[in-house]
Structures are given as C-alpha cells and as structure tokens.
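Below you'll find the structures, each written out as structure tokens.
First chain A sits with chain B, and in the next complex the same chain sits with chain C.
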Partner chain A sequence: MPPDMRPLAHAQQSFRRGVLQARLQVPAAVAGLPGPSRERRFSVYRNNVKASLVAALKAKFTVIERLVGEEFFEATALVFVERHPPRSPVLAEYGGGFASFLEVFEPAADLPYLPDVARLEWARHRAFHAADATPVAIDRLATLAADDLHDTRLTLHPATAVAASPWPIVSIWTTNTFDAETRRIGPDHAGEIALITRPQDDVLVNVLPPGSDLLIAALREGRALGTAIGQAPASLDLARTLALLFRAGAVVGLLKGISE
Partner chain B sequence: MAADRSPRAGAGLKPQHQRHILDGRPDVGWFEVHAENYMGAGGPPHRFLERVRALYPVSLHGVGLSIGSAGGLTPGHLGRLGAVAERYQPFLISEHLAWSTHDGVFLNDLLPLPYDDATLALVIRHVDEVQSALGRRILIENPSTYLRFKGEEMEETEFLGALARRSGCGLLLDVNNVVVSAANRGFDPLAYLDAFPVEHVGEIHLAGHAVLQDSDGCLLVDTHDRSVPPEVWDLHRRLIERLGPLPTLIEWDADVPAWPILEAEVAQAESVLRHGDELRAHAA
Partner chain C sequence: MSNRTTAAALAAAVAAATLMSAGANAQTANADKERCYGISMAGKNDCAATGNNSCAGQSKADYDAKAWKYVAKGSCGTMEVTLKDGMKRKGTLAPM
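Let's turn to the complex of A and B:
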C-alpha cells in the first residue's frame, strides 16, 4: 500500500471496528460539526450496518425467528453480525454460518433442533438462487435395461440439497411456515431428512425415507446408482426414494453405462 | 435508449411489482436494478429481470464495489459486475463515491470518504480499473453523509468534478442525497448545485428521507422508504430547467408501496422532464 494511503486505511479500519463492535466508539478521524454530536452522527452508520444485516438474516431465517420470537432472534442475529460479518458484497451469500453459530450460541442451547432447522432454511435460500436446469422424469429410468441401471449416474439439479437431522425438521419447518397456530410436534417424533429442490420457480421441501441421505451423498460424489445403493443401508426404501427424487425435480440427467 | 428520444423517468425494480409490470406494461421509461441482486447463478430473480429487459431499458446500479477502499477493489467482484452487464446490456452503469469493504469484511452500507488529494487519487485509479474492465464509462453518485473527517482538503463538488475530469467517468446526481448531506453537514443545497460539475451528469436520483430530531439537533437519514419530499422535487425542477431533461429515477427500496403509488411518482418526474422539453423548444 502506498504511504499516502495509510491514513485512509487506518480510518477505514477504525470505522469497521466502530460500526461492528458492541460498544460505541467514534473513530478519531471523525470531525466535530455544529448540531448533533459525533456519537449521534457515527451511530447512523452503525445502525444502518447492523440493522440491514440483521434484516438480511431475518429474511432468510423466518422459521428460526418464529421459533425463538422476534426479540430473541434480533439479539442473536446481532451477536452473529458482530462476530461473523459478511465476507462478500453479495448479500444473498450472507448467513451460511448462522446454523453452526446457533450450535455454539449458549442462550439457544435449550432448543437443540434450531441449527438443523436453520440448515434447512439456508438450503431453501441457496436453492432459490441456484443455477437453472431442466429436471428429467422417472420414465427415463424405465427406458434403461436392468444391467445399465446399475452403472447409471444421476446428475442432480444444482438447487438440490439434503438436510438430515435427528429432529423432525421438516415437520417443524412446515407448521411454522404454513400454520397460523403451530401444530405441537412431540419430543418422541422421529428425525427427518429434508430434500430441498427447485424444479421451476418454487422451492420444494419433502421428507426423504431413512437412509436416503447416504444414497444421495454417493450420487452427488458421482457414484453410479449400483454403487450408491451399496452405500445406503439395506433397509432403504429405494423405489420410494427414487420416485421422490424424480418427482421433486432433483434429477436433471442420466449418464449410463460408465463402469466404475 | 434511442438517441433521438428525450430522456425519460424510471423506477427501481422490485419483485413485489412483478405482476403489475409484466402484465400491465406501464408507460415508464426504464427500470434500475441493484447489480448485486443479480449475481446469483439462476432462479426467479433472473427470470423476472430477463422478462423486464425484453420490454424496457435497464440501468445497473452497483452497491458493493467499494470504490473508495484503501485496500483496493474486492477481488472477483468487478468480474461479477461485468457478467451482469454483459447479460442485461444496461444503458447506464453507476456506483457510489463511498466504501463498504475493508480487509475482506463487507459492511453493507455506503460509508463516507475524506475529501483529500490522496483519496481522490485512489478513487480515480479504481474508477479507471472499473471502466477498463467494463469497457465503458460509468457514473459515480454523490453520497448521503452524516459526518465529515478532520483535515479534508476540498468540497464534495470539487472532488467529484476532479474525479470526472481525470477519470472520464460521468456523475449520478442524487438530489435527495444533496438535501440530506446539506442538512447534516451544514451547507446550502442550492449553492452545492451551483458548484456541482453538472456537465458530467448522466442520471438523476430522487428519493425520500427520514428526519431524526433530538435535543442536540436534527439529522436527515437517507431511507428510500417514502415518497419524494417537496424540497427534493423543487431542486429537481430547477435542475431540469437549467440542464434540460436527464434520465431520472425514483428510488423506493424499503416499505415498498403498491405499484400505482410508485408509478405516480415516476409520472411526476416525467412531467418535470417534459416541462424541460418545452423550455428547450421555446428557447430554440
């Protein structure tokens, strides 16, 4: 950096610290003016930065906000913003670390399912902005000979994501998204695997059969169908899993006959 | 826009207005979008903008390039801006005299710069870099500010004039920002407009602001969440009478109203521009 840029770099460094940290501290480079104090003037920027980033998280994690309430959500989001500010000027990319943050955020420890619900919401957000592709119908599988099927690779739609959880995250997400009065979901409710897809404009959320996350992970790594099935538990309901994947628009291509 | 047509008024494009715009095809001159909202790989935002672009001229307004960063432009961001420009062929591309990224952290606000020679040289370098990468002229917008820095060496109008002269960029004159900064920094908006290097202006922005009154005085905050106030309309009319019609945008980004309310604001700006046409015709 040229020496004459150092004062500006220094001012921006203290501005950055000043707008993000919890305590109000006006950068030394800020001049006094008649009327409102330096503190009030600087606070406009602090408020703009923090309020806009909290609002950006709010827009993406609406179910988390409903689960914890507005006040708790805003306080939580504010701590996240202070500790993990965005690293990209594209605001749609901000919030990927929120689920992991919730895992270690002590005040939310009573709600152990929050991080996985946040992962589902983040996957939905990512799916909305993912690249477009045209899903293929399951009929295409039927055109393959049984031997070819084993060696076939499925190309997944770029929007496709899976969120597996020991908690019933899809049931929690669904009732908090669509019901004016949320349905009570018992503590003995089984965990759920969420399939997130976006075949056209709308993002879809479905529940996948148990064990299917391992199958899909193998498919995503480029394994052929036969190999992927081998990596899933024997109890997996394969017919239902494949039917759901195709119906939800998760598959955009079949590459057949490439041996491993 | 066709060269033989007089500049028109436009509106900021909002997803809430999708149905009104695509089905109703309102008679507004053009739409402006924030470039960063279209840097995703795909999905409904792009489908909406593609359909709008097929019907209207589009202007690209960047909010994340951080042209005043002491540490340089954010790596990769300029390429993404170029890709959006390539895809949508905007008739104008603009950014702000401000910074928002430091040490890789993006603060999501248009933060102020000290108006001194070192900053001017930096901003000129960055504008050069942007214009070379995009292969075209960009417009730089005067910011809304709430404070000033110690040791500033020139007025904002001088800074912008030198920037435009030395980098070849144009300017985007945000009239609401003039009113906001004038109240906050204690200058006369009319004197500011008299001193503004108007020969470089390629676009005008109009918006509303909030008034924060406290015991030690009043601050105006650039909120874009309401209709354009009378003072801003008055300055806009004076500018158009002086300069002739210029592409004029109504910015309404928060508490976005129903389409007819925004459309009425655009129509009001349009009537000012047509009044400017008449004055020019009389003078000719």
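Let's turn to the complex of A and C:
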C-alpha cells in the first residue's frame, strides 16, 4: 500500500469499528468534522447499519424468529451482528455463522434444536441463490446394467444440501412455516435428515431415510454408487433414498466411471 | 459386501426406486404458475428481479415494479392494482 493510502485505510477501519462495536465511540475521523451533535449523527448511522443486518437475518431465519419470539430474536441477532460482522459486501451471504453462534449463545441453551433448525433455514437460503441446473429422472439410472450401476457417479444439483439432526428439524420447520397454530411435536419424536433441493424456482424440503446422509456425503465426494453404499449403514432404505433424491431434483448428471 | 452382491442389491434398489417414482418425474411445483411483476404488496413478494431485497417477503414497497409473485398461469395480465397516486396498472411478465 502506498504511504498516502494509510490515513484513509486507518480512517475506514476506525469508522467500521465505530459502526459495529457494542459501545458508542465516535471514530476520530468523524469527531474531527465540523457541525453539531456528531455523536447523535453517528448513532443514526450505526443504528441503520445494525438494523439492516438484523432485518437481513430476520428474513433468512423466519422460523427461528417464530420459535423464540421477535424480541428475543432481535436481541440475539444484534449480539451476532456485533460479534460476527459481515465479511462480504453481499447481504445475501450474511448469516452463515448464525447457526453455530446459536450453539454457544447461552440464553438460547434451553432450545437445543435451534442451531439445527437454523442450519436448515440457511441451507434453504443457499439453495435459493445457488446456480440453476436441470435434474435428471431416475429412468436414466434404471437403463444402466447392474455392473455399470456399481461404478456410476451421481452429479448433485448445486442447490442440493443435507442437514442431519438428532432433532425433528423438518417437522419443526414445517409446522412453523405453514401452520397458523403450530402442531405440538413431542420430545419422543425421532431425529430427521433434511434434503434441501431446488429443481426449478422453488426450494423443496424433504425428509430422508436414516443413514442416507452418509451415502449422500460419499456421493458428493465423487464416490461411485457401489462404494458410496458401503459408507452408509446396512439398514439404509436405498430404494427410498434414491427415489427421493431423483424425485426432489437433487441429481443433475450420471457419470459412468472408472472402477475404484 | 462383495462387488457382485452390491451390484445386485443396487440394481434391485434402483428397480424399486423407479417403481416408486413412476409418474413422478423431477418435481415441477410451479409448472402451472408464472412470475407476475408489479402486483405484490410490501413484504409479500416471492422474489425480485434486482435491487433491495434478497427475496421472499423482502420488498419494501407496495406494487414494486421489480418484485414478483407467483400467480396461476395466464392470470398475470388480468391482475390490476391501484397505485398510491390512484393510477391503475396491470401485472406484467417481466420487470417494469
């Protein structure tokens, strides 16, 4: 950096700090400006930045907001904004760390399923903005010979995501998204694996069979079907998993591969 | 599992999966809908062509010309809204 850039970079950094930190401290670059009530004017700026970031989180985590209530959500989001300010100028990319933050956010500790529900919401948001691709139908797979199937690799749609949880996250998400009055989901409800896809314009959420997350993780790593099955438990309902993957538009290509 | 048994199990699973999927190809949830611009109330849009919001429910203005909503196919041009200044406008299939 040329030497004459340093004062500007310095001023920008102190301005950024001043905007985002919890306690109001007017940065030197602003404190030196003429005019009345610099503190109040700078507070307006700070407030706008934070409020817009909180609003962005609200828009992405609507179920979390419904679960904890508006007041709690706003307070939580504000702490997140202060601790994890944006690293990218793209607002749509902000909030990826929110689920992990909820894991360590003490006041939310009573709701242990919250972070996984937030992961599901984030996956939906990501899926919405992912690249478009055209899904293939399962008939294509059915035309392959048994021996070729073993070595076939599946190319997943860029929007495809899996969120596995010991909590019934899809049931929680569904009732809080579609029902005016939420259904009770008992504590004995089994955990769920969410499959998030976007075959066309709409993001879809489905529940995958137990163990299928391991199969899909192996497929994502580029393992052939025959090898990927070995990564999943023997009890996996393979037929139902494959049917769901294709029906939800998670697969966009079949690569007949070299033997592993 | 040996490769041969895996291959057989796979083939059986694919056959079963294909049966389950008969008639249900990759989901086309919105095949019977179209994007209609300029008719959604603030906060009620499905998405927008450009601008201030990162989608669903984030438009800030009523009847934003760049925000769209899914409506039944063929019905977009028949939707009429009254703007703040009293002007009437119909929905369009492209951002205004």
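The criterion applied here is as follows: the second predicted complex is superposed on the first by the 252 of 260 C-alpha atoms of A that agree within 3 Å, B and C clash if a C-alpha of one lies under 4 Å from a C-alpha of the other, contacts with A are read in each partner's own complex, and residues count from 1 in each chain.
The rule is simple: a residue touches a chain if its C-beta (ideal position, glycine included) is under 8 Å from a C-beta of that chain, and two chains touch if they have at least 3 such contacts.
Just so it is clear, the model here is predicted, and its values are computed rather than measured.
Chemist: Should the superposition on chain A be reported as showing a clash between chain B and chain C, or a fit?
Modeler: By the criteria stated at the top, chain C and chain B clash after superposition.
Chemist: Look at A:A9 in the shared chain and tell me whether it touches chain B only, chain C only, both, or neither; answer first, second, both or neither.
Modeler: Only chain B; A:A9 stays clear of chain C.
Chemist: Tell me the contact category for A:G35 with respect to chain B and chain C: first, second, both or neither.
Modeler: first
Chemist: Give one of first, second, both or neither to describe whether A:A92 is in contact with chain B, with chain C, with both, or with none.
Modeler: So A:A92 meets both chain B and chain C here.
Chemist: Once the structures are superposed on A, label A:E106 by its partner contacts, choosing first (chain B), second (chain C), both or neither.
Modeler: Once the two structures are laid over each other on A, A:E106 reaches no partner at all.
Chemist: Quick one: classify A:F128 as touching chain B (first), chain C (second), both or neither.
Modeler: both
Chemist: Spot which of chain B and chain C makes contact with more residues of chain A, would you?
Modeler: For chain A, the partner with the higher number of touched residues is B.
Chemist: Scan A:A56 for contacts with chain B and chain C and give back first, second, both or neither.
Modeler: both
Chemist: Using the touch definition from the top, say if A:E71 reaches chain B (first), chain C (second), both or neither.
Modeler: Neither partner.
Chemist: Touch test for A:A142: chain B only (first), chain C only (second), both, or neither?
Modeler: second
Chemist: Taking the superposition as given, does A:E181 touch the first partner, chain B, the second, chain C, both, or neither?
Modeler: Neither partner.
Chemist: Please pick the stretch of chain B from 78-86, 168-176, 258-266 or 276-284 that overlaps chain C when the two structures are superposed.
Modeler: 258-266
Chemist: Which residues of chain A are in contact with chain B in one complex and with chain C in the other?
Modeler: After superposing on chain A, chain A residues 56, 91-92, 128-129, 201 contact both chain B and chain C.
Chemist: Taking the complex as given, what residues does chain C use to touch chain A?
Modeler: 1, 3, 6-18, 20-21, 24-30, 35, 53-58, 70
Chemist: Quick one: which bits of chain A touch chain C in the complex? Just the residue numbers, please.
Modeler: Residue positions touching the partner: 56, 59-60, 62, 91-92, 125, 128-129, 135-139, 141-142, 144, 146-147, 149-150, 199-202, 204, 225-226, 229-230, 238-243, 246-249.
Chemist: Under the touch definition given earlier, write down the residues of chain B that touch chain A in their complex.
Modeler: 36-37, 39-47, 63-66, 68-71, 74, 77, 80, 99-109, 111-114, 118-119, 121-122, 146-150, 152, 184-186, 212, 214, 216-219, 221
Chemist: Quick check on the complex: what are the chain A residues that touch chain B?
Modeler: Touching chain B: residues 1, 4-5, 7-9, 11-13, 15-16, 19-20, 28-31, 33-38, 40-42, 44-45, 48-49, 52-53, 56, 85-92, 127-132, 158-159, 198, 201 of chain A.
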